[in-house]
Amino acid sequence: MALKLKFSIGASVFWPPKDRTLSSGYKPDITRKEIWESFSKVEGLEGVELYYPSDFDDPRKIKKILDSIGLEVCSVGAIIWAPAKYQNGSVTSLDKSIRRDAIEISKKAMDFASMMGASAFNFWPAQDGYDYYFQSDYQNKWDLLVDGVKEIASVNPEMPFGIEYKAKEPRTHQIISNASNLLLLAADTGLDNVGATMDFGHSIICGENPAAEVVQLINRNRLALLHNNDNYADWDHDMLPATAHFWENMEFFYWLKRLDYSGWINFDIFPVRFDAIKASTLTIKNIKRLIKFIEKIDVEGFNRKVDNNEVLETQEFLWGKLFDR
Amino acid sequence: MALKLKFSIGASVFWPPKDRTLSSGYKPDITRKEIWESFSKVEGLEGVELYYPSDFDDPRKIKKILDSIGLEVCSVGAIIWAPAKYQNGSVTSLDKSIRRDAIEISKKAMDFASMMGASAFNFWPAQDGYDYYFQSDYQNKWDLLVDGVKEIASVNPEMPFGIEYKAKEPRTHQIISNASNLLLLAADTGLDNVGATMDFGHSIICGENPAAEVVQLINRNRLALLHNNDNYADWDHDMLPATAHFWENMEFFYWLKRLDYSGWINFDIFPVRFDAIKASTLTIKNIKRLIKFIEKIDVEGFNRKVDNNEVLETQEFLWGKLFDR
Amino acid sequence: MALKLKFSIGASVFWPPKDRTLSSGYKPDITRKEIWESFSKVEGLEGVELYYPSDFDDPRKIKKILDSIGLEVCSVGAIIWAPAKYQNGSVTSLDKSIRRDAIEISKKAMDFASMMGASAFNFWPAQDGYDYYFQSDYQNKWDLLVDGVKEIASVNPEMPFGIEYKAKEPRTHQIISNASNLLLLAADTGLDNVGATMDFGHSIICGENPAAEVVQLINRNRLALLHNNDNYADWDHDMLPATAHFWENMEFFYWLKRLDYSGWINFDIFPVRFDAIKASTLTIKNIKRLIKFIEKIDVEGFNRKVDNNEVLETQEFLWGKLFDR
Amino acid sequence: MALKLKFSIGASVFWPPKDRTLSSGYKPDITRKEIWESFSKVEGLEGVELYYPSDFDDPRKIKKILDSIGLEVCSVGAIIWAPAKYQNGSVTSLDKSIRRDAIEISKKAMDFASMMGASAFNFWPAQDGYDYYFQSDYQNKWDLLVDGVKEIASVNPEMPFGIEYKAKEPRTHQIISNASNLLLLAADTGLDNVGATMDFGHSIICGENPAAEVVQLINRNRLALLHNNDNYADWDHDMLPATAHFWENMEFFYWLKRLDYSGWINFDIFPVRFDAIKASTLTIKNIKRLIKFIEKIDVEGFNRKVDNNEVLETQEFLWGKLFDR
């Protein structure tokens, strides 16, 4: 059976990249209209990841634009890491009114997600964590996060609610740092629709082997959404997929295939110093190449070697398929 | 209220250290008799961590020796990473007879733990994991581990069963790699006595902040045993405690105090190039110094600053207490 | 003999922190006038690190302001990582006119450094590096950097020219990544005044033990300037000094003392979520506490233990001095 | 022009792997005779790396054996990390007689290297470093190492003398930790034949991009010998080459090709849990596959894209060559 993945990106791919070194931006500003045009120029693109409120004037208007360029809505999220009021936390803020704002905006975005036919809601508690030692009542933050997620995810129990786990950035330590951590939190909410937005790059920076984790997430029915991008295991550079971690990506897609996973994969890349449309097009092209390769190796004999711990045999097989022709 | 910790070490502290570079050993061989004498010379020591079968001829004989030198049994474990037959796994071995051996020896050790009045059973699935990509059916290994733990831990539901999580060594990837991972596995067993042996050094190498994790383990009633030692976050060097991670240890003990934890702390150090008796004595002395310091800072006002995210205030407080006199 | 260090900060400490997650800033904007007032409010501050062109209208005017608030100029640098034209490199840009701009602006800043009586020129080739594999002619970039540094540093052979080495950010890989790398480049220039701006945090993120490196830099007469701040070894968080790496800072200052180092130490901190004036004041206060402690331990007997590899003795000594009272 | 590499392994590949967890060994003991037979069974093998004294009874006898199985001597080294007397250092030992032993045994091995027609002498100061902070006079250790290397390398100024740099293991910190560090030391000796044994895996664990470093070593004429193996950037696992770092190996061999490097590459692998003969055979086969691929991509057009920073174009090119057929 073929791996049925659909490909999307978000508008952030087209925004002028900014960082603390070059806060004025690596590229010129871009209008919302130009962003929609950019989406339409990415070859192979099937959907978009939307964020509330930045991508929304009017949901119907957006739906119309998307229809006109032939794109679906992969997922919707709420921006709860800006403006500055969220800097010490969104749903874990110790300031009750800020906490309430974060919950309400998320609930509204969750509504839009349903309305737009999104496959998942994406929840990234970016500012929820700490920077220094002796700065947190860890249990209290966990509990506030569980409660916040419960309230938001209950808006639509049919909508997969993906918490995007990430160990760091913008905080030095975020609360939900790895897949196991996320699964604990999901269990604590008592809700079936709470699961993970698994970002391949985030998985790498927290020291995971993404393949091993995605197996766990899928088998527990807690995988809401996939993101892909790459880095050097130190920081979330959001580079083009598989430009750093080749075998890790190959094993990751191999397991998606073995487990008959189907769903969206959103390419959350940060094309700092080159063209975003071309980068997105190349990304989709390369992942299709990788998947095509995976389709060919996914055979009974190879699976048995993997399961039986036959290192020399699996390596010989993979290298032969890759290089011999 | 004072932090009520008791201090122990295991016989491995006295064994001649060996590694792959100097496999003949950094120190001369030592007899079992000399090991018992060494235990008796460590100042401040209150207990020992025993391993079956290496430390056991006859439990009654050992009990007698321990009584004569005034030491209790902190914990008991089973050696399931040697001999060589366990190299591809103990309770997750794909070879059923090896798997059975690992389970039976562990059950026997669990019996000894009860018999000796140990506070916990320590379970370290050291060889249970993988080294290469495309070498494992991850789900199968997880399931075998859950089943194995269930069978062993059921021997005595009153005995805390601590799984010593560790991300790597001797495998490049071990199955139970961090605290959240461990908590998932504990939940999967459905047993209340399954929890963590939290080794401070292991927590550091998997990228955790030990303080944040120990809070989670204690509050979920899943902390069976503590180990302490230190390293440089790259590898399990088993150095003297807090010689590398100072603030991390301080915050760790601060939270043990705030949560009124009482129990054993076993110093699992590897004194490669210096005297093991002196190293153990110094370790206990230094941890007592740290605890004494913690006792003084644990006051209402400070706790509130911590909980309220007041970084400058907590740092000023800690540095003042430490340096001003 | 006492450690003679002088303390400075740069205006960037007061700028509203921005990052890619919250690019509008964590704090409100601040005027140049408010920045000068802020400098004057930091207790214990003796100097400032200036950058051209951001800090300069007119050097004489600045000198007058500094005199009025009683601050010296620690060092001067040129901003060659912004605007956007520098995004692919400053003196290593493949575009000759951009390269020329970077050199000329640096030479002008070098003149200001002399004019203002700065103790060193600070040169940070932030955008000089690469992000992806197969993206660079490594030798060519090295050679361009050597040539660029030669031209700029020759402006004033009496002025220490510190290259601020840093492994990453804003590039995933910068050319001059560690102290040894820097020393090779300094030798390649053939100039005596070329050396390092050693930033403690940068030293940590490239895996160095800062103490070992500063000994090498001082003994080779290649230390131009010190920066201090801290992080978790993963990224340049620019946290308050010694809030993460305690022993590493202690050993670092211990060696500065043993080698009778005297000079400026600039606190390059990034106070994202708290008050910058208070953070700077606390930083100076805490480093003075650490230095005062070092002054007391720097005794013949202790030095001998260090030199003779006496781990247990040095640890006993340090812990006793720190905790026993 | 084709990349002219010759392939070798050392006897350690066949020794029963031992580590501190399973110090009795992962495989049964093996006789010297069986080791020679094993060498003869590795397909594609052209040479051996020998160590004095473990591999030597009588050089003539060994030469005869090697001739009979058609293998050359790639390199010779001295074992100066065992026995236990070297645990605190070889040529940097503070004990003069141990230091002398290390120098004399190395000089003798250097003689054997000349006698056997080795292409290089390999020098690994494994125990020369430190484990704890406040344990070393860093300058003294550096100076002792420079002096020791000078004395040994002077035995034969025509013989490339490769210092195998490595950041850690068996010490937590070794003196010569990275390529730049090594180049500084080589310059300090004032000898032209002193250079690096560059081990790909060691380069990875110290955070280097091996391609960038090998360019520097070759262009400075300081590359004595290459080792290859792989790991996960945390520890020297000595895994099969390129099983973890795929692109890094590809770029590494690409630059060897561009710089017309010719020489030996020794596969210093540690086949813990599988057959060493098969592992060595597969290693050579896979590296030949990689080199064959490199031969095809090394074309003018691609080189220009690399040099010009054209990320999207080089990635498109590499992925196309690898996957499209």
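Here the chain labels run A, B, C and D in written order, and each chain numbers its own residues starting at 1.
We take it that a contact is a pair of C-beta atoms (placed from the backbone, for glycine too) under 8 Å apart; a residue touches a chain by one contact, two chains touch by 3 or more.
Because the structure is a prediction, the values reported are computed rather than measured.
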Task: Chain whose Cα centroid lies at the greatest distance from that of chain B - done: C
Task: Comparison of B-C and A-C (more C-beta pairs in contact) - done: A-C
Open item on the list: Between chain A and chain C, what distance separates the C-alpha centroids? Give it in angstrom.
Closed with: 36
Open item on the list: So the centre of each chain is just the mean of its C-alpha atoms; given that, what is the distance between chain B and chain C in Å?
Closed with: 40
TODO: Provide the list of chain C residues touching at least two other chains, using ranges where the numbers run on.
DONE: 88, 131-133, 240, 243-244, 247, 273, 311, 315
- [ ] Give every residue of chain A touching chain C within the complex, in rising order.
- [x] 17-27, 81-84, 87-88, 126-127, 131-133, 168-170, 172, 231-232, 234-235, 237, 239-240, 243-244, 270, 272-273
TODO: Mind listing the chain A positions that touch chain B in their complex?
DONE: 88, 94, 130-140, 142, 167, 173, 177-178, 180-181, 183-184, 187, 206-207, 209, 211-212, 215-216, 219, 247-248, 250-251, 254-255, 306-311, 314-315, 318
- [ ] In the complex, go through chain D and note every residue touching chain A.
- [x] 233, 240, 243-244, 246-247, 273-275, 278-279, 282, 285-286, 289-290, 292-293, 311-312, 315-316, 319, 322-325
